[in-house]
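Take a look at the structure set out below.
So that you can tell them apart, the chains are marked A, B, C and D in the order they are listed, and the count of residues begins at 1 in each.
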Amino acid sequence: MTFTSARKLEHIDIVRKGGVEPQETTLLEYVRIVHRSLPEANLEDIDLSVKLCGRELGAPLIITGMTGGHPDVEPINAAIAEVAEKFGIAMGVGSQRAAIEDSSMIHTFSVVRERAPHAFIVANLGGAQLAKGYGVKEALKAVEMIRADAIAIHLNIGQELFQDEGDTKFSGVLEKVAELVEEMPVPVIVKEVGTGLSAEDISALRSVGVKCFDVAGLGGTNWIKIEALRSKAKHGAPLRDPASIADLWGNPTAIAIVEARNAAPDAYIIGSGGLRDGHDVAKAIALGADVGGFAAPALRALSAGREGLERYVSQILYQLKAAMLMSGSKRPQDLWLAGITIWGRLKDELESRGINIGSYLNSRAMTLLWRRRDNDI
Amino acid sequence: MTFTSARKLEHIDIVRKGGVEPQETTLLEYVRIVHRSLPEANLEDIDLSVKLCGRELGAPLIITGMTGGHPDVEPINAAIAEVAEKFGIAMGVGSQRAAIEDSSMIHTFSVVRERAPHAFIVANLGGAQLAKGYGVKEALKAVEMIRADAIAIHLNIGQELFQDEGDTKFSGVLEKVAELVEEMPVPVIVKEVGTGLSAEDISALRSVGVKCFDVAGLGGTNWIKIEALRSKAKHGAPLRDPASIADLWGNPTAIAIVEARNAAPDAYIIGSGGLRDGHDVAKAIALGADVGGFAAPALRALSAGREGLERYVSQILYQLKAAMLMSGSKRPQDLWLAGITIWGRLKDELESRGINIGSYLNSRAMTLLWRRRDNDI
Amino acid sequence: MTFTSARKLEHIDIVRKGGVEPQETTLLEYVRIVHRSLPEANLEDIDLSVKLCGRELGAPLIITGMTGGHPDVEPINAAIAEVAEKFGIAMGVGSQRAAIEDSSMIHTFSVVRERAPHAFIVANLGGAQLAKGYGVKEALKAVEMIRADAIAIHLNIGQELFQDEGDTKFSGVLEKVAELVEEMPVPVIVKEVGTGLSAEDISALRSVGVKCFDVAGLGGTNWIKIEALRSKAKHGAPLRDPASIADLWGNPTAIAIVEARNAAPDAYIIGSGGLRDGHDVAKAIALGADVGGFAAPALRALSAGREGLERYVSQILYQLKAAMLMSGSKRPQDLWLAGITIWGRLKDELESRGINIGSYLNSRAMTLLWRRRDNDI
Amino acid sequence: MTFTSARKLEHIDIVRKGGVEPQETTLLEYVRIVHRSLPEANLEDIDLSVKLCGRELGAPLIITGMTGGHPDVEPINAAIAEVAEKFGIAMGVGSQRAAIEDSSMIHTFSVVRERAPHAFIVANLGGAQLAKGYGVKEALKAVEMIRADAIAIHLNIGQELFQDEGDTKFSGVLEKVAELVEEMPVPVIVKEVGTGLSAEDISALRSVGVKCFDVAGLGGTNWIKIEALRSKAKHGAPLRDPASIADLWGNPTAIAIVEARNAAPDAYIIGSGGLRDGHDVAKAIALGADVGGFAAPALRALSAGREGLERYVSQILYQLKAAMLMSGSKRPQDLWLAGITIWGRLKDELESRGINIGSYLNSRAMTLLWRRRDNDI
């Protein structure tokens, strides 16, 4: 078994123990969706279906990539896949590097397609691997391994910098991503892992053709914190102590979503990082995302078995439907027309980033028109 | 006894136990009425009388609709009615559906008119019932049952969505309300139940002729929370778990009042939801309401009998008079000319809703002129 | 002994016990005086002398009116007078009504002039007494009783409204004050007692000739709270329960000072209400006051005897000098040129009151020029 | 041994015990550096070298002046010097007055040059000494004593005012500083000691030729507090009680840095006062400083010996490198181009000081161009 594989298991353990979220939050607590008492719709009129990266989902939700690469985690992937299949939601796998390096690990990933023959499944490779030599060949392998509908490239510079064995080469990733966009048979999603994409990076990536983003903002699972905990457990104190960076560094999810939509009005945007219920998903979409995503809560729900995860997802979807009905939204993207208020720190930070809130909120409607005209991107 | 009837009793019990208010507040704590040291008036000059929906009240206060429909609650309605009669304040009854379905329940409502022959009494039906078929016929029955001065239609979509047996059809309510406005011999009040009316809904309702609104905003009794508690008590966990929606969803009372007045400058507006003393009532009026209202505190005051409620109301009225005198206001609507300050989150949220605070505060005076010219609406 | 006299003693007792300050603060905690590292002055260059209402003080400080009218409080007045004499600061006496009603009480006030032959002493009568018939005759008596340099008329509507035996007539006070301004041989100061003067009242008073104000804002001793405590102690519950008014009603000191200076650029303004050290006094002056004042802390310092008060005042003066030197101010009014910052709630509230902070801060310099030109008002 | 010398030891003891930071913070907690997921750089590309006052440093860090002047503190200076030499960072010594008054103390300072033959070493004298007669002669002595690369004049008016034996003459310091700038063979740095330089002082000093500043803002070690603690320990209560001045007076570090850069776009600015990790250093630089500095944490790290300090500095440098890489900055001054957000109190205070945040952030780039054109100042 490789180091990569063993590390995967340690990560799952640490996340399960909890305490892996930073002091800073998503800033979604500075957002309110205006309640409508008279929506002129029935609950049964709510239609959760959306398109994500050109394919239809049953609901605007994705369980983002976490695992694979170790025999012990195969049941996790299998359970998530079954739930994704059942609700028609999307699902990502964890980095497939372990299976590319060691083909005995392939089934820990491919189980996903077996259990979710129709779901939107996302393959996964790291930007750090691209920097070190991975390219179209490995990406194709990853996609084929699970007959993926898209491939996500995760950018986890924070994690690598504070991981004992972290890769600290990040040069050349943009060029490699551009190559993948050009060559891959499926859409390329660029994602963070909990520190949040920024307007600057979205713009750069959009300019080389990326049209799908998972912002994975600050406020949920924090990989700088996890690596510090892991190193501390091994050496008594973290080898590379992040100090306040573990709690304060990153683009909070609410900001990352707004920056992403503002920088890429025509892109598919997954709002994620710290989303914990259907209300959060509704806020993420209302702020400009196409769908909401989460990772760690799925792990925790699985402690009550597949049924636990099923119940959790079905509650999220009910809460989302309720939030939609109570804001007069029949389709998820109608949330882009819903009234929302923004205050305090979130307001100030967005203004600091040159984003006028009133204009931004209006501009969400433009994306909707665009989406409706093209019926896809 | 019907289910509707039994549920009524459970609700009263839960409210009495307390813990039914959301984490979010009314936001009235971000409002300050400017103190005047030199009001050039005496306490005896303060005249609390106002008009509400075309009829005069002894004071700008209403105990909003709560109950009826179960023999055990008849004493509650009787006591509130006696207090309303005594102070010349308005009173609503709870949803009359139980008595329309089962005539043996009528007296639990009609006791109100017996005990309050002169008070302004408000009949009550649910928007959800209108959506399912109720119409002018049932509304007339409700009004006649208690010789009501007005009928309130309550919009409680949040409650229905998270109630085990909730109705989730809300289509067609606006049209039905329009019909009632046209046909009913008494004014139609549209009210929320603690989640707050919004500018959008007020505008739609005003455009079909509604002239009386009870905003019933977030910050007081929260029906999403109550239904979750009720369901949890029955099933161990709520069947439809609202998660953070129970604590964070809704239009806070301060915002709902401003949005209502801004959207309907000529309407009668009841500011309610979380008002707990005469200071709160003064703030609600100063923000633009015609009268203040409350519900749950009446239940709690009744635990010390009718005298308890009497004492509570008389304290509220004294506090209101004091606040009026200390702001240089001889009549309740003079509070629309009083200086007030707004800060922090409330300021930001109102701006997010396109409301310029300075202009809005000035515009309150226009409603006053209007009211004085028409001597009614 | 009269009721008035007995009440005076109860008040002193309650204040000594503490817990008489409201939940709301002075808002001075949202003000920062810019530190200067290079003041180009020595401590000995700091000259604390100022003019107040046309007379020179040794330092910009007044212990505002508290007591007299009961034999037991005579030592309090005597001690404060000795301290005032020693430091050349001003001092007010409490309401002289008790001595006007009962001449046996005169010495409890006149002791002040005996012990402070040269100090600036302020006589005191209530606005409520003016409303009920007092006039020039009684005011002259009050002034002569202590050979006062000025007479303060206190406006305490909040206290009266929630005092068991409170007077609730406040009509006609302005006219009476105008008469006093016209007829009295000494300047008339209009003061609050802890609820804060407002721009509206200052303007009205300035227009009838009042040139001296003591804002006595919210954040320090709160008379609504004290009367509620007193009533509760007597009857188990307050007869007139102020509810949240006891904690939240009033114009905070920082706001009252700015409103006063803004409404009366040429007036003498005593900034008071909740000032507790020399830093607070410096902030009050920097915000626009001529001098700072306090009351309750003097009572508390006296629990260690006259020496206790002496030590307290001398510390305040040292802290004030330090704050002046560290802001490059040689004379108290140079603080009007010092840089200050204002944020958060105070900023928002001032803007709500139509006050542009930048312009206001600049305009403080105009008062300075005015003062220098006239060498008096 | 002189008093000066003994006091030095007491100070070190108090700082080691802790509790010497004010209630107010640096306000750096209202600053966020925008995270970049795609920096297109490798960790090894990060080059920490910068110029400070015309000389190159290995990293943008200085351990600012603390000690010397007592035999017991010589090991402290020796250890800091060795660490400075190792990392190529700058180091200041404490006030050299003790050694100028008593030549037996010289070695407690000169040990620094012995252990750090190549490091940037800063001599130190007090502004208060200049005011009392020190001049070029003493300054030359101080520089020669340690073959210093620069001399810092510390302005500690707050400390002097509340020190039992404090000097309270601050007149004439500016002129003396001007003389030093003219006559000294090395650059003159003007520094605070934890209360923060202001725009006004920076402008005055820049106008007499000072080009190097150490802002030493509020939020870290607080000398007013330390002197109050020291006096209290001796006399039971502080002789000169600073009251709230000990916790609230001063220019917070974040503000001091922005004011300094805004007032002196071409100067070298050391951002210091309360910086505790590499993230803080990155924020200080991003706000406009050239390098970051700290003092007290070095003392505390030394409780684990020289190795403790070495480990601490090496962690700070790693955190700084990480922050730079994660914000797309290859050189420290590239942080001036990094996105940052500012909110809440810091935003309001800067606006109060006439600083438009957007314009200010843009203007940082101008300093960069200037610096690159001149390749020095």
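Definition applied: contacts are C-beta pairs under 8 Å (C-beta built on N, C-alpha and C of every residue); 3 or more make two chains touch, one makes a residue touch a chain.
Keep in mind it's a predicted model, so treat the numbers as computed, not measured.
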Target chain D, source chain B, minimum contact steps: 2
Self-contact between copies chain A and chain B, residue sets same or different by half: different
Mean-CA-position distance for chain D and chain A (Å): 42
Approximate Å spacing (C-alpha centroids) for the pair chain A, chain C: 60
Shared-contact residues (touching 2 or more other chains) in chain D: 344
Contact graph of the chains (line, ring, star, complete, other): ring
Pairwise chain contacts under the document criterion: A-B, A-D, B-C, C-D
List of chain A residues in touch with chain D within their complex: 127, 131, 155, 157-158, 161-162, 168-174, 192, 195-201, 204-205, 218, 240-245, 248-251, 255, 344-345, 348-349, 352-354
Contact footprint of chain C on chain B as seen in their complex: 29, 32-45, 276-280, 315, 318-319, 322-323, 325-326, 328, 339-344, 347, 357-358
